[in-house]
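After the structure tokens below, expect a handful of questions from me.
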Amino acid sequence: MELKRVQKVEAPHLRVWEALNDIEILKASIPGCESLERIDDDTLHAAVKIKIGPIAAKFKGVIKFSDLNPPNSYMLAFEGQGGAAGFAKGNARVDLTPEGPNATALSYETSAQVGGKIAQLGSRLIDSAAMKTATEFFENFSRALVKEPVEESGSQPDATQPGISESMASVPVQTPPPSSNRPLLIGIGVVVIAALVWYAFA
Amino acid sequence: MTTHQSNDFVGQRFPRREDQYLLRGEGLYLDDLAEPHNTLHLAFVLSPHAHARILSIDVSEALEVPGVVAVLTGEDFVSLIKPIRPNIEMPTYLYTDRLALALDVVRFVGEQVAVVLAESKYAAHDAIELVQVEYELMPAVVSLEQAISEGSPVVHEHVAGNIAFRGEFASDDFATKHAAGKYRLRERFRHGRVSGSAMEPRGCMAVPIRGEEITFYTSTQIPHIVRTEIAKHVIGCSESALRVVVPEVGGGFGVKAQLYTEELISVALCLKYRRPIKWVQDRREDLLTNTHARDHIYEMEATFDERGVLTSLELELYTNIGAYSSSPFGGTIETTGGARQIVGPYKLPNYAYRCYAVTTNTCASGVYRGVAQPACFMAMEGIMDRIARQLNIDPLEVRLRNIVLPGDMPWVNVLGVRYDTGSYQKCLELARERSGYEDFRRRFPGSRLKDGKYHGIGIGNMVELTGTGAPGWRVRGLQAVSGIDGATIRVEPTGKVSVFVSQANAGQGHFTTFAQIAADHIGVRPEAVTVYEGDTASTPFGTGTFASRSAITGGGAVIQAAEKVSNKIRRLAAHELQVEPNDIVLQDGRARVASDPSRFVDFEKLCLLAYSLGKGALPPTEVYGLEATEYYDPPVVTVANAVHIIEVAIDAIDGRVAIENYYVVHDCGKVINPMIVDGQIHGGIAQGVGEVLMEEIVYDEHGQLINASLLDYLLPTALDVPDLSTLTIDHVETPSIDSLGGFKGVGEGGIIGSVAALTSAIYDALEGIGANVNSVPLRPSHIASLIRAARQSAPDPEATRAKQELTAAH
Amino acid sequence: MSSIETTTVELVVNGKRYKRQIEPRLLLADFLRHEIGLKGTHIGCAHGVCGACTVQIDDKTARSCLHFAIDVQNSEIKTVESLATPEKLHPIQQAFHESHALQCGFCTPGILMTTEEFLRGNPNPDDDEIRKALCNNMCRCTGYVNIVKAVGLAATSMSAAENE
Amino acid sequence: MKPAKFEYHAPKTLDEAVNLLGRYGEDARILAGGQSLVPLLNFRIFQPQALISINHCAELAYLRVEPDGLVCGALTRQAEAEQSADVQDTCPLLSAALPWIGGVSNRNRGTVCGSLAHADPLAELTAVAMALDARFSIVGTKGRRQASAAEFFLGDLTTCIEPGEMLEAVHFPRSGKNASAAFVEVGNRWHGFAVVGVGAHVECDDVGVFQTVRLSAIGVGSTPVRLTESEKILQGTRGETQALQEACNVAAVDLDPPGGFHADSAYKSGVLGTLVERALNETQALRLQKEAR
């Protein structure tokens, strides 16, 4: 699965780079992230549970960073496996380019490979699953950056009137407000977890 | 050897004896066999990686699942099972041995790394998911194109460049003759990878009997070969203590004509635990691990004269044999098959090939219905169509100008293969006349586009090598495929006839057809004959059922044994009736005096003598018993032939192919049962339609097989095959002069002809707009992209076609 | 209900009531085959595509690999073993025999149950209707040609028998 | 593969089912027809702790015609809706789409709500719901709520149903008296999963001018997609060639259909317009037929 996207983030360049290094923001932005720890300067350990409808995939993996060029660009390799179910493997290249004082273009190019039962039986769903996870991450991430702290309106849409409603109600997604802002050199490898992450669960 | 044929049941549309119990749901397939109470069920842990080193396997969690008795890995089997090595002696052939369970490296997704033994199947399936295997990924090579490219990763260190076998041939002075060719064309044909996908996945059950002996039930087409190979590979298993029994088999198609690791493992574990061991495969495992087929590249350069007559052909053939060569046929079966059989019914004078068996990190690829012939005839018929297009001669006419003519037969082709008899010319002419071919050409002189559909008509003119005996297999280097088949015929004390044959059917109606043959040659009605197959304890040794052989080899053995038995009956009757044996005719269980039919003696009376029952006594010159065992090894391959003509209409936008008309004329020598022959052709046609339009095993570039279910590996349905009103099958019977009974095989003709003809039809429909159809499968998406590309590049496709007509007019 | 290993179920199959102690996850196909020994229903894929496991639940065809025995307890299940009598084949089975509409026989039981429901609802179908009715049952041996013929033959013989 | 263990519950009432949902939350799944769900269990890529079968909640088995439309309870089997004259009258697009789902044996057991709740991106009924702005009645421990089709479908196999909730019923708005509808698909076989499918629903006034045009497609996104641009172009026309051609050409304009080995993205975009044309032509033919009667 190859994915090439540019996401406009409503925040200054440095702010985005810092946020991308804020382990709490990242942990909150990744759909299904259960744990995220630093092991050393360029290694992260993540546990993420990704759900595609009923199919859930739990992944524990290691992320290695390289070609660091703060605050502009970044390379990453990722590998995770477990059990009879399979594995996920991937890499990514990420670039930040400022677009004016208050906006930054975050472009990333990632390729992912998933193996095991889910790749053999649900191949139809894998690519769109990875894309959905990536887009979801960015919505959470940019929402977390734009308003601080962010109060999210109740996620339950109130009962709309019966009858043919033309409006496309916005999709309700739970987003707890970001808690801390400590700059750590984590890099946004986690984006890649979101983009490629899952494999058949153990 | 003259045969006293006193009846003519062979040739009749005898209804099948098998139908009664199958229709009632009483047929017992492998998983239906009663399991002894303490049976252990197996489930396998499959590698999720295409190429990786096994670092560790933790079975502790799996062992805690209630009902799990043991979890074994590669190390456990090193002392139980020898590595599988197909017995192939071919120059340059490099063995790629297969261990029962992977030991330190896995080489394709689905390779087995551990096996769980549990009291219930459900518990076994629970446990395999708890086995934790740690891998270290290695670079994988997946596609044929990648495997033969510079610097590609290698599957086996000792197989440099992934070339496990290299074959070559050149007729004398080929280079000069090929260079001298008047007209020349080059083309590359690509055939995708398919799976046989029988409706019944595989399975086996090993049951300990009287301590040391084992009765081994397995869904196979080659019981005797499996028995010998198990005895050779499973340490401590003595062949005489092993009985292989074949239950009903739910379709084989060649995929079950192989030795598989699970068969070795089941017998080994049965010996080790002294408990019945049962394994039933699920569909995902079928698609991941049962031997695949095809996945070929044909690079061809042909030269021909102004009349379209082939003067020379040069072929470079690459076949993807996967990570391990299958056994007993090995990785060369499709490689040599494609290279040697591509000549087909044509008089090709000068031919040279280089063929390569290429290893990749994928499942083994080998024998499935047609074995390379569907792919190589798609290529050869593609060459014929392109010669016709280049010279603007009618494609059928080009074929007529190239085929071996009746007067030339028996014909030995450029490779030394003998074509004993055949009706190539007659079938082509019949096809032209009765298939609506000429009417189509009249209806579509120029543009093929009508009502938003491109119309085309395709030709599949092919021969099928059938009934291969020992010489045929040795030429291909195969030592473990004996080539002979055996039959024991016994007339029982009450005059009924038992026939034991070394074949193993998977739905071909052997219980009916062999009864017809035996009945004719012994002189009883088929209803008095019972045929037994698939039990190494009762049937004589033999090769088994695959590659359209049973009618010839099994039939030949039955004829020889029947002749022996009927001669003895004639002698006993002659003694009883005081006449010469030659004056006795056997019919309906009676021995009559030919010159005075009112005088006769019933078989039963003679049997009393043969079995020392009752008061009579055998003539002194005779011995007790009324049976004979004979083995038959056809001297040479018998060559059947057929022509398929298919008319298609292709939607210009959604690229879907509708079969408007389907005509087949088939010649498989003396027909034993026309109803069963037609059934084999129908089945082959459907598989051909699947192979061309929708079936493909898809590996991604990392070696993940991404369509391991029937949701994504599409099989043709009742709506995809030609319906009753559009399908016509004609028969021509040109008996073989080489095989006993004049039989030729038919099992694979249907698929070979339909793959060639359907590809040709789609090519014919789209070549006018400049689209080059040279690969299968041809999904609607691919066809639509060919049409889009052609429409964009050719400014006005109709103009180019008109221009062509002009040049042809000179 | 707490998580108990096995539970007692009662199913009526081919007119006979069976009582067994099973795990809730036991597929209906496995119940028929391994609990009450009706081996005529076959599992070809276990993901509802091939149709070899087709039975009838309350006279309506269903994939027995997609149902749990525990969930169809108060329904009447019919399998291929209900069609013939010891003496005589069902007219559909007879038509399949006469038309050589089966070869290996693995898919046949499922196709027979599908055909029985189809002809009940459409006593004299044309070839196209027959092919549509059959397109959800896979067969790898016959290429469907003789099966379509057999269903047509069964239709005529059954309607002929009716108006005798 | 054999399915993993699960706890089986067969509540007799909706309340009982909802309580069970509340108790298990994310670890339970509703079982009705099972035609899409059980394959995932047999593949073992979905291993819920509990299955809550609603096959024994008689109160959920209803197909009601109401003034403003048709209501399918959670247990309405697809085959029952397929054969229902009420459905044909009040919701011709639903009638047109149902025969495309799997085969008879799938539709005998599969439910209308089950197919919608499973939300396979190639499920025909999701396009019907999107085209007609069906309304989804969702019930859970926190009470009932409604969701429009646009709110309901979030992505592959994903809807707005939260853990602890289930789809109680789906309401299809009543189609006009002279509405006509058609569903068309292309796949890699003449039967089986679609690659692309289009549902068309047209209501004309008595002189044949299109008052309401609804078009939606499956296979061109991870959810069903409303072809609003094409609808706007056709609104108020008689579906004459020029308008029809324009509507077809614009159908795939801003779509980026997911490609794969079954079919590439360009193919899906390429055929979408033609399917819109074929579906609309079929609705016109049906309308003329109806008027002729």
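To keep things simple, chains are lettered A, B, C and D as they appear, and every chain counts its residues starting from 1.
In this text, contacts are C-beta pairs under 8 Å (C-beta built on N, C-alpha and C of every residue); 3 or more make two chains touch, one makes a residue touch a chain.
Because the structure is a prediction, the values reported are computed rather than measured.
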Checklist outcome for this item: Between B-C and B-D, more contacting C-beta pairs sit at B-C
Checklist outcome for this item: chain B to chain C, mean C-alpha position gap in Å, rounds to 30
Checklist outcome for this item: Cα centroid separation, chain A vs chain C, in Å, comes to 48
Checklist entry - Could you state the distance in Å from the CA-based centre of chain B to that of chain D? => result 43
Next on the checklist: On a C-alpha centroid basis, what's the spacing between chain A and chain B, in Å?
Outcome noted: 50
Checklist entry - Can you list the residues of chain D that touch 2 or more other chains? => result 1-2, 4-5, 39, 43-44, 190-191, 261-262
Checklist entry - At which residue positions does chain C touch at least two other chains? => result 23, 25, 46-47, 132, 135-137
Item to check | Shared-contact residues (touching 2 or more other chains) in chain B | outcome: 122, 129, 282, 284, 706-707, 709, 711-712, 717, 719
Checklist entry - Got a list of which chains touch which? => result A-B, A-D, B-C, B-D, C-D
Next on the checklist: With touch defined as at the start, can you tell me which chain A residues reach chain B in the complex?
Outcome noted: 79, 81-87, 89, 113-117, 119-121, 123-124, 200, 202
Checklist entry - Given the complex with chain D, which residues does chain B contribute to the contact? => result 121-122, 125-126, 129, 282, 284, 653-656, 693-694, 696, 698, 706-707, 709, 711-712, 714, 716-717, 719-720, 779-781, 784-785, 788
Next on the checklist: List the residues on chain B that touch chain C in their complex, please.
Outcome noted: 15-16, 18-20, 22-29, 31-32, 122, 196-201, 248-251, 253, 282-283, 506-509, 675-676, 678-679, 681-687, 709-711, 715, 717-719, 721-725, 727, 750
Item to check | chain A-facing residues of chain B, complex | outcome: 45-46, 48-49, 109, 128-135, 137, 284, 288, 700, 702, 704-709, 711-712
Checklist outcome for this item: So, in the complex, the side of chain A touching chain D is made of residues 51-56, 117-118, 121-125, 127-129, 131-132, 156-157, 159-160, 162-166, 168-169, 171-172, 200-201
